[in-house]
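Notes follow once the structure below has been shown.
All chains are identified by letter, namely A, B, C and D, in their written order; residue positions are counted from 1 within each chain.
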Amino acid sequence: MTLLDERTHEAPLSAVTDLFDRVRAQTLALAAPLSPEDMGLQSMEDASPPKWHMAHTTWFFEEFILKPSLPGYQPRDDRFAVLFNSYYVQAGPRHTRSRRGLLSRPSATDVLDYRSHVEDALREGVARNAFSLEQDKLEELITLGCHHEMQHQELLVTDLLHAFSFNPLLPAYVEPKPAPVSAVETAEWVSYDGGLLEIGHDGTAFAYDCEGPRHKVWLEPYRLADRPVTNGEWIAFMEDGGYSTQTLWLMEGWAVREKNGWDSPLYWWQQDGQWWTYTLQGPRPVDLAAPVVHVSYYEAEAFARWAGCRLPTEAEWEAAAEPTPIEGNFLESGAFQPVGRRPGLWGDVWQWTSSAFSPYPGFRPPEGAIGEYNGKFMVNQMVLRGGSCATPKEQLRSSYRTFFYPHQRWQMLGLRLAGDQ
Amino acid sequence: MTLLDERTHEAPLSAVTDLFDRVRAQTLALAAPLSPEDMGLQSMEDASPPKWHMAHTTWFFEEFILKPSLPGYQPRDDRFAVLFNSYYVQAGPRHTRSRRGLLSRPSATDVLDYRSHVEDALREGVARNAFSLEQDKLEELITLGCHHEMQHQELLVTDLLHAFSFNPLLPAYVEPKPAPVSAVETAEWVSYDGGLLEIGHDGTAFAYDCEGPRHKVWLEPYRLADRPVTNGEWIAFMEDGGYSTQTLWLMEGWAVREKNGWDSPLYWWQQDGQWWTYTLQGPRPVDLAAPVVHVSYYEAEAFARWAGCRLPTEAEWEAAAEPTPIEGNFLESGAFQPVGRRPGLWGDVWQWTSSAFSPYPGFRPPEGAIGEYNGKFMVNQMVLRGGSCATPKEQLRSSYRTFFYPHQRWQMLGLRLAGDQ
Amino acid sequence: MTLLDERTHEAPLSAVTDLFDRVRAQTLALAAPLSPEDMGLQSMEDASPPKWHMAHTTWFFEEFILKPSLPGYQPRDDRFAVLFNSYYVQAGPRHTRSRRGLLSRPSATDVLDYRSHVEDALREGVARNAFSLEQDKLEELITLGCHHEMQHQELLVTDLLHAFSFNPLLPAYVEPKPAPVSAVETAEWVSYDGGLLEIGHDGTAFAYDCEGPRHKVWLEPYRLADRPVTNGEWIAFMEDGGYSTQTLWLMEGWAVREKNGWDSPLYWWQQDGQWWTYTLQGPRPVDLAAPVVHVSYYEAEAFARWAGCRLPTEAEWEAAAEPTPIEGNFLESGAFQPVGRRPGLWGDVWQWTSSAFSPYPGFRPPEGAIGEYNGKFMVNQMVLRGGSCATPKEQLRSSYRTFFYPHQRWQMLGLRLAGDQ
Amino acid sequence: MTLLDERTHEAPLSAVTDLFDRVRAQTLALAAPLSPEDMGLQSMEDASPPKWHMAHTTWFFEEFILKPSLPGYQPRDDRFAVLFNSYYVQAGPRHTRSRRGLLSRPSATDVLDYRSHVEDALREGVARNAFSLEQDKLEELITLGCHHEMQHQELLVTDLLHAFSFNPLLPAYVEPKPAPVSAVETAEWVSYDGGLLEIGHDGTAFAYDCEGPRHKVWLEPYRLADRPVTNGEWIAFMEDGGYSTQTLWLMEGWAVREKNGWDSPLYWWQQDGQWWTYTLQGPRPVDLAAPVVHVSYYEAEAFARWAGCRLPTEAEWEAAAEPTPIEGNFLESGAFQPVGRRPGLWGDVWQWTSSAFSPYPGFRPPEGAIGEYNGKFMVNQMVLRGGSCATPKEQLRSSYRTFFYPHQRWQMLGLRLAGDQ
């Protein structure tokens, strides 16, 4: 069994190298507005510097493809193997995660050189047909590396927002765009029949191990809101005492709220009677019609209780989304923030589900270091679905599961209401 | 909707008062070997003093039955409402949980008097038919109070073990019994067909809110070991480097293991080449044939991976257990520790499942303070099944779900292996 | 050199055994109002249970006199050596300090028996002249044990106050006495010439090692207030923004204040526009004329700055106090709290000085475990002088130095203002 | 009263501007080897990024001289007042200290521009005689700013060493120089008579407020080693069990040692049976003849006890040093590490004294924000004397007191032994 379970391999290698070129260029484009100093910022253990993301995604290709399978490959610097391993135990020792911001050397320029070095070797190896791997395995690994890099593109963006938020200058990463004037429309319910269904990866294209095996689930009839919860609705929750009414909260959520003094989403503050928020376009008034973002699971769950609803399960979300086109506000829009009402199940914000991140029936992680990808995180985290304004569109599938701890807020995390019929 | 969802009420009130008498007497019996000083011990925030358990279970009857529904009832001391509330927000302020061990007053004797005062009032109120409640509601609440008290009987025992373990004298709570000479027998697999089944409380007897609603689940064919994992097997895991092989562990489990320096179950130490453990019968050599106990979810999960198996889901366990009689080593045996191989699904140790504690489809907590019972704990905890040597037998049902955090070990927690067919 | 440096030994042995009888009886009297449960209370690592103080002071006689020097002495229980050692590294392993409250066994009764056992052995040994020690050395050690026990009498009282303060019932340890109606009188300055003086223990009676050697110090002319700062003055400081004006505080003091949310002395609260405090006589309105107590060094130092004064050095205090009689409100008064204006340098509250606890010139700790008494605490602590309402009078001398960390407040700690002339 | 208490003002303004030019150039020279990324590194709350030191020292001139006293002065950026204030409460709000490493903007280039902007304004103001201050006050403030900047030069160097130490590449800040081959010579005692002496600043040149007033002290005859303790001697201490013998340590020192796992000075490790250390010249074998550096007070104090000696008091050190020339290994040598035996009292390493940092008799801090310089640190810190290889020579005087917490090690901290005669 492989990460690309039952993959059909209809894509020619050129499709894979096109993906590789596209993804690598996109990462460079994301780094373009950053100074060498910006490239080194790390604001917490959960986040990493832009430079580190750029080096680590490069290390992934070097460690899992070039070193084992390209005869004669010379690493640019042997020490990078330690500096840029993240958590792959079987791939050897790692630099302490919380200390990534202290790596002033190698410099940003060195890291760009490292990227070129690895890209050149990989492209040349493909061109020369020099890999000691079967072609489908090679395609599989390059594809995995590209998807891995897309995940880090998303992290690069959200980690940068977090780091910048500690700078009193509140810098804008991209030019502010005029805020859309969007009317706040009432959410509508969409009903689903449920029954004995199948969810999970069906094996006809790339997917992570944790998305399969495809399996049967029984769902009672349910309904989902046709859009995520908005900032306007969130302010109504706040004004109704949502953050001070303990009975709305999970026991543990209340304790976390108290300890951290949460009384609004992350990055919000009040100024002259108006709610403001810090975004990658700089400080902005909160857009009432846009989906709320930077809320924890605890807050999302309390909101749903306050609203007399609940969060969906991941199976409910996936069964609803599978037949729908993947359209919405993703990384490629360049907005880097949710931008107003967009009926549909996809984009703008990841949507907390009530499902803990657990193995599907029959799940087995692949052998070797690459198998450390997802399985070892399967405790105490909650699944989110749908992709956000920081997610590359190409990364998404209806079976895609992302997962975060219930207290985390720095990603683009929001919610969609659900209910029984 | 009530806690006793769709209860059929065939039991006469005398059955309920019999239960009340039995449960109250059992609590007293558990306290009998304890000195006034023992009664006040609290060794961590998760645990409470015996005296507090005795008072809190009494407060429950007073707060939810006598005060609202027995006209003319006079509390013994108004201040006990604050001292002995646990976490019922809607029932008013509470004494800080981590400070329960500092309540030298009221004394142990005062608490016994408080117990008599409440028992007398309740019994007399029943005899005089004086409650301002309908009889089925009264029965329901008394039954709930008794089950609540049985839960605290279990906690009293396990909390006491934890507190005593910090006393270098390692006191014996009960007279040591000769350790049974039990041969270690190989575990056998029992196979189950799965399919579209139902689990959850079926409404014909007492159950907690979180056990229902009864609902459909789809299960693939599976198998369960016919007994829990034993100490002998656990030592094999230890000797094979189980505690030093990071790839066996969940990421978070490994971090917890490292931080706490775990290299064996709680209460174990090595002495002259032999593993010893502290129990409520005092220090004893580890019995190789007895189920391993005091292991966290992280350890159980790593063990299962080491063994090439997995933990069962709670649905798998419940579907297997529903048709079987509830027989095994429970609180009433007086052993207060697992006692050797007992084929069957019940008793000796709670068995960690791979299921996070989540609401069943259609779950709604009851209104009011009593509804705070389970719903607010539904995050970051794992379900265990089967009851332990500290669980009163009367408390158990096949639908019974207990839940603990993955790092917790002080309860009687063990595991049973599962696998796919 | 010995702890009783240059002691003249004019006292006959009977004087020492009289002291022994008196001190041991006083400890028993302090414990008389306590229940077995009270005897085991420990509210923080800095504090110990009454029972532990009673056992530890007994262990001191056993460990340093009976075991090494009374042939044939049989300890009551060998395990007590570990349970009741405090911090004497050379005397072997110790039970963890923060876990003393978990020693429900040995019981309070067992500890009383232990006290009798040791007292009987010591008295009988003296009567039989059976010690393998020279008489002056024996007297010296018994005297040291008595002074050690007096220190623990003070701790017993203040630790009990701290533990009881967590009980919402706010129990009274002794019968409340009517609060004296005392007029608030203005403090007067007393002037001192300074010059080249001597301070420190002069060797004619018992003293701790850290009180010597007597040595020269140069003092500029100075002045001291004729009484400690009162509660009334402290409230003026509070009302003038003392707790919210950062410039009055040491950098570190401000950080501690912020972290702990201090806005008044320990055990104070406001109720209906009136300041109340919890004392060993139960809750009481704050007496404006009584010395303020339970303030940290940080608070005392900020108060002095606010008042345009400073704290005295320990040399200033000692030079002033040496010629004065030791009169004031001490443990023997039975008040267990400061009780109003009493001109003089002694009693009611320990007075923070601006002197760090450091070795005097020429200081050398005695050899062996007994030498661990004071020297190893000589960093980061501040000296206090004068004795408090919890200090046995017999323990005091003008050279007596007590010392606490700048953040500590649970002892009877106050202040007296000083200034330059 | 001013910071330059009783200053005689014989220096013409040109002397002050010469000092200004020299100091500002020296800071630039220290930054020359650093990349933009290096300039932003912050490895702990106690340390600051090079860029921040460069901006903060500039802010000091702007805030205390240009803004209040140069009519028409235009700040380069108003927001820098918040970003680069350190702890001057009266000078307004500050950016959180532990977040200085997150200020990727302003860039290193911006900070250099800021430096030029302020330097130009100051020099031009002096040239035009445009300040609204009396000349002696102006000189005084510029002098203070220069001394302040020299302090930050030292911190820049030691903070950089700390930050680089977390980079597995262990970069060299300056070109490694050949280690001197220096024979280890036995230390000799130098005797001093003591008596009634004076120490403290005598008012004829610049000094910090805490160095005065000059005052009398009585010293018993004493002796000091003629050189600091060496690495060779420290290794002897280590090999004799110095780090595992609790009785050598202060109670608190032992606890800190255990918590942090200290078993050698900071930045040391063992490799192939040889001790290595990380320095600003990169990794190097430990030079046995060089003074030991990066040891805490706790370690220094334990070493002295092990050696049968003690640490000197600050008065002993100052009385001995006052008549001696200030010669030794300071910042200007470019070594940035101690370099072998140099008889004399000055240089290589700061020397821990046994004196807590306390106010001298008659000390009063100056009014206003500048008065926050030293007084508010006068608790829980220990005085060190003598200057180190990171200290600008011009900053030193025999009355100069630096101070650190007993647990701190990242500065160039060592020790010299003392004894009684």
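Some points to look at:
The rule is simple: a residue touches a chain if its C-beta (ideal position, glycine included) is under 8 Å from a C-beta of that chain, and two chains touch if they have at least 3 such contacts.
To keep track of the chains, here are their UniProt names: A, B, C, D = Iron(II)-dependent oxidoreductase EgtB.
Quantities reported herein were computed from a predicted structural model and do not represent experimental measurements.
Both subunit A and subunit D are touched by no common chain.
Compared with subunit C, the chain whose C-alpha mean position is the greatest distance off is A. Rounded to whole angstrom, the centroid-to-centroid distance between subunit A and subunit C, based on C-alpha atoms, equals 59 Å.
Rounded to whole angstrom units, the spacing between the C-alpha centres of subunit C and subunit D is 38. Across the assembly, subunit D contributes no residue that touches 2 or more other chains. Contact residues of subunit C toward subunit D in the complex are 87, 89-90, 196, 215-220, 246-247, 249-253, 297-298, 301, 310, 354-356, 358-359, 361-362, 372, 376-380, 382, 406, 420. Subunit C makes touch with subunit B in their complex at residues 35-41, 43, 79, 82-83, 95-96, 99, 101-108, 163-164, 166-169, 171.
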